[in-house]
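In what follows, chain A forms one complex with chain B and a second complex with chain C.
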Partner chain A sequence: MKKQSAIIFTSVALLALLVAPHFLKSYGVYLLTYWLVFILAAMGLNLTVGYAGQKSLGHAAFFGIGAYTVAIMMKAGFSFWLGLPAAAAICFVTGILVGFPALRVQTIYLAFATLGFNTAAWLVMRNEEQYTGGTFGINNIARPELFGLSLDGALAYYYFTLGVTIVFGLLLFGLLRSPWGKAFTALRDNPIRAESLGVDVRNYTLLSFAIGAVYAGVAGALFASLVQFIDPAPFGVGQSIMMYLMVVIGGPGYFFGPVVGAAVGVVLPEWLRFAQDWYLFVFGSAVVLLMIWLPDGLLSIPDRIRARRESREASAARAAAVTAAAANAGKGSGA
Partner chain B sequence: MSGPLLEVKGLKKSYGAIRAVGGVSFQVMPGEIFGVIGPNGSGKTTMFNSVLGQIEPDAGEIHLNGQNITGLSPLQLNQRGVGRTFQTLQVFGKMSVRDNLIVAAQEHRGTMWSRMFAPGDSGLGAKADELIDLFGIRHVADKPAGSLSYGQQKLVDIAMAFMSEPALVLLDEPCAGVNPSLVGGISTLLKQLNQQSGVGKRASSFVVIEHNMDFVMDLCHRIMVMVEGEVMAIGTPDEIRANKQVLAAYLGS
Partner chain C sequence: MKKLILALALGALVITPAVAQQTIKIANIVELSGPGTTSGTNFKDGVMLAIKEINAAGGILGKQIESTTNDTQSNPGVAKGLTQKAIDQEVFAVFGPVFSGSIMVSMAETRRAEVPNFTGGEAASITQQGNPYVFRTSFTQATAMPKIARYITDQAKVKTLALIYVNNDFGKGGREMLMKALDKSPTKIVADISTDSGQVDFSAAVLKAKQSNADALFVYTNEEESARALRELRKQGWTKPVIGETVLTSQKVIELAGDAANGAVAHVGLTIDAPLPAIRAFRAKFEKEYKYICDHNGLKGYSGVYALKAAIEKVGKLDRKAVAKAMHTLKVKAADQPGILMDVEFDANGDLDRDSFLTEVKNGKQVITATLPPLGKKK
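For the complex of A and B:
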């Protein structure tokens, strides 16, 4: 029942994603592509934060490392198709290294450690001008070709990004359904118990960072080729916080949480343009209100409804039992 | 013929000026249920956690099947067939009861790499079902463990320790906070698990910390009495009942 509705929902959503761009102007298509890129990045962060429980505030650094890897390699004459796996590999290794502090510190302390990493990475992007172009960035980043087809057009690049997002979404889905998914969740819910049951907390912690980083790296590579110009600005601490919010707003530990969260994170700022200088204030307040109302994110709404219905049914059953008992007692005394 | 399964020699642990465990030695034989009793603060949990690698003892040696396992991590001990429960409830609240049981044994199957491609239940569905039925928690098997009543969670907590069919299980107050009607049930369960009536299961030994005296006297083959970090007596339930020192210091109160 639940499975069926999930399948129907996913099919409808996929169909919508396939036809939607035909009804949009090129800026709309660009925005949709932008959204997909952030879904991909947030899916990775959802693994690290939502499933494995590692409070990472450095995700934008991986996003940036992916983007710069592709941009620098393409400027050096390498193909995008070499840059993409290179971005993934570099992010995997960096992710493992960034995971090490998580073996020692947790919660807010881990958040600060990863924030520090993000700041350091951002400084490298800004200061290593000979490679990164510093604050001037790298422009005219080309879009790749696929089987001889140019992905230059907005529509073509959208479908390409959609394809990559779906493939990586399926890979993550498979991973989360395998024993690894349970191990990550056990690590999040109770690392001490998990270790006492044979879960290698160290390996799974490092891997949750590394795999999450790969998703950010791939998203960064797609981002570089989408916007075709990168500078350090979108890879700073602010972006990491934004990505974290996307995960939290959508629902950490919900597979489709990042889809919703990224939509809020990408589309809401567009809608709030009218607010201009007040935009950040309005956005921040909206997030605070949402977190008070729905601490487990938007996708927790169905679960909440279900829980409420179940508790209502349980109390109705209790009331019925009490009534029945009272009726029996009444009969007993009457007889 | 065969030596002790677990041997603890001269175990010591202090917290600053507090000597929590002051030189504890005992042996647990294969198949034995070994009880540990003693007033609150007598060092039982500290002794457990030192044996299990959760905290580092100041002195002493621990041997499992004749092998020195002193200083091994909780992970390494679990991989060598040592299971445990904690004094406080420790279930994975958001996972279903069934998934709690499966994750409790899945890491004993295959390698990290092979587990990436293994089915979600790691082929442990039948084993989980067996314990679900034994523990009488079928009706809540698909609910999140965190949504269960305290007593039900305690049952899940205990069942998890047995999923990987460990040779030695250490249980820290399995009946704490459980209503009296369930205490008898837990005792029966532990006896069943100990006597491995099922086919193809290994004999297992337990070390059980418990306050409930009837429970301990009925369940355990031998009992160790700890007072202020020291061993006051070790013996069969009858010997412990008859021990004047124990009567005066502990049972008498």
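For the complex of A and C:
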């Protein structure tokens, strides 16, 4: 039953995503594409944070590395289709390197180690002007072609991004159902037990970073081509925190958490613009309230409802048992 | 998620206005949060003040101006999206963003839609892309730096110059332009000293400048850093000339640096401190309306709207293409269009030029020592 409803929900959502842009003007399409890019990035972070339990605050650095790799390669005359795998590969290797501190430190200390990495990466983007353009950034980044089809138009690029997001979503889904996925969650829930069961904690920790980084890198590549301009600003620590927020708001460890979380992070502020000067304030307050009410994220709502129902049923059963016992006892004494 | 998409679609529908050519629609796309907040807010308030005045006086060609304001969060990606939104709403012109990085992205959208776009960005590259729809509201570093370079070489007779600049797009852009302007002159830059935005301690930078034994020092940083540099120069006993561009002799720096600002020389374009009656009056009006002293970005927004007004009136109808074309050789005299504040001339790239001043700080006050004609005129 649960599986069926999930399938129905997913297909309806997909249909909505396919049809929606036709009812929107270019701004709406742009925003939806922006959202998809951040879904992809947050999916990677969800793997690192939500499934493997590694508190990483350096995700925007991978996002930036992906964006800059593609931008620099395209400016040097290489195709986007060469830049994309290069971005993924570079992010994979950097992800492994950044994973090493995670073998030593955990929780908030790991968060700070990754935050330091993000700042360092940001400084490289800003200061290595001959490669990255420094604070002037890189402008006029072209959009790719696919089988001779130009993806220059807003709609074409939207469908392209949607396709990439779905493919990477399916890959992640497969990964999480495989023994690897189980190993990741084991790592999060109880690393000592995981190790005693033969899970190679070191390799899986590094892999959780590396695979998460690949998702961010691919998202960054799509981002560079979407905005067609990059400068270091969107890849700072603030963005890392924003991505972390997307994962936490959506529900860490829920497969569709990033979809909801990225919507909150990207679409909600736009949608709140009617509040004028106050819109970011309203957004901040909404996030605070959400965190108080739903510390496990928006997708924990069904679980909470189920848990509540179960506890109600259990207490009803208990109450029934007590009355039955009392009645029995009454009967017993009466006899 | 579905709900959100629906809400988004609905929101887009609701926002789309039905008003046609009854009003002139202008979109402010500015930095109201993030690092650009001060610039964006000033620019927007300047625009709004001009719109209010123009509407009170009967509008442009008898039509009232209607404006919307959106925050880019100082993020180029958001700025691009908002520009598309403004174009979806069929605005007549776009004002902003102020940050160079943002306008570089968003102007591609206004160009595609053929919508005139006024920016506060000062990076030279903005108008070097051959975009016929982008217009400055201020000098660029490409105009200001040759003027000050001419002063350094010809009047101050500086042979060797030390340079302290701030490492952001503002500082780097200015440094590049100054170097280019001094390239073929007898003045040589002997020390090239980078400082960080928000830097507190300037002792090392000043020491390096001293050790270079240069004839003069050029300081190109933002307000607070300039004041700190001036204080440190005084502390280390620097007695040679200190030269700057706009910021160095601004009111804010004089306030912060106190006595140490005395003797500093700077080239000043259209700033709020310029000693012209029109600008004094504007400053008072602005302060009354918004309860703070506006900076040069407020002036940019304000005069930008009047430049648009002059162009529309010249064309005589609401035609974006014709207005953009008219902007390119537009000459506006302050006598005809008081809101422009100073006579101004736009060139074929969308850059503007006008008189500017050489100022010096004397006894804690900015004093004009010379008026420099527009660059083009002198040749």
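One rule holds in what follows: the second predicted complex is superposed on the first by the 324 of 335 C-alpha atoms of A that agree within 3 Å, B and C clash if a C-alpha of one lies under 4 Å from a C-alpha of the other, contacts with A are read in each partner's own complex, and residues count from 1 in each chain.
Keep in mind that, in the parts below, contacts are C-beta pairs under 8 Å (C-beta built on N, C-alpha and C of every residue); 3 or more make two chains touch, one makes a residue touch a chain.
Not measured: the values here are computed from a predicted model.
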item	value
Superposition on chain A - do chain B and chain C clash or fit	fit
Touching partner for A:G253 - first (chain B), second (chain C), both, neither	first
Chain C, chain A and chain B - angle at the middle CA centre, rounded to the nearest 10 degrees	140
Most chain A residues touched (candidates chain B, chain C)	C
First (chain B), second (chain C), both or neither touched by A:R177	first
First, second, both or neither for A:T185, with chain B first and chain C second	first
Chain B versus chain C as contact partner of A:N139, first or second or both or neither	second
Chain B versus chain C as contact partner of A:D231, first or second or both or neither	second
First (chain B), second (chain C), both or neither touched by A:A102	neither
First (chain B), second (chain C), both or neither touched by A:S196	first
Smallest separation in angstrom, by C-alpha atoms, between chain B and chain C in the superposition	25
Chain C partner contacts - residues on chain A that touch it in the complex	12-13, 16-17, 20, 23-28, 30-32, 34, 127, 129, 134-137, 139-140, 223, 226-229, 231, 233-234, 256, 259-260, 263, 267-268, 270-271, 273, 276-277, 279-280
Contact footprint of chain A on chain B as seen in their complex	52, 54, 73-75, 78-79, 83-84, 86, 90-95, 99, 102-109, 112, 115-120, 122, 160, 163-164
Chain A-touching residues of chain C, taken from the complex the two chains share	1-2, 4-5, 7-9, 11-12, 16, 32-33, 35, 69-71, 73-77, 80-82, 84-85, 87-88, 100-101, 104-105, 108, 123, 125, 167-169, 172-173
Residues of chain A touching chain B in the complex	175, 177-183, 185-186, 189-190, 192-201, 203, 253
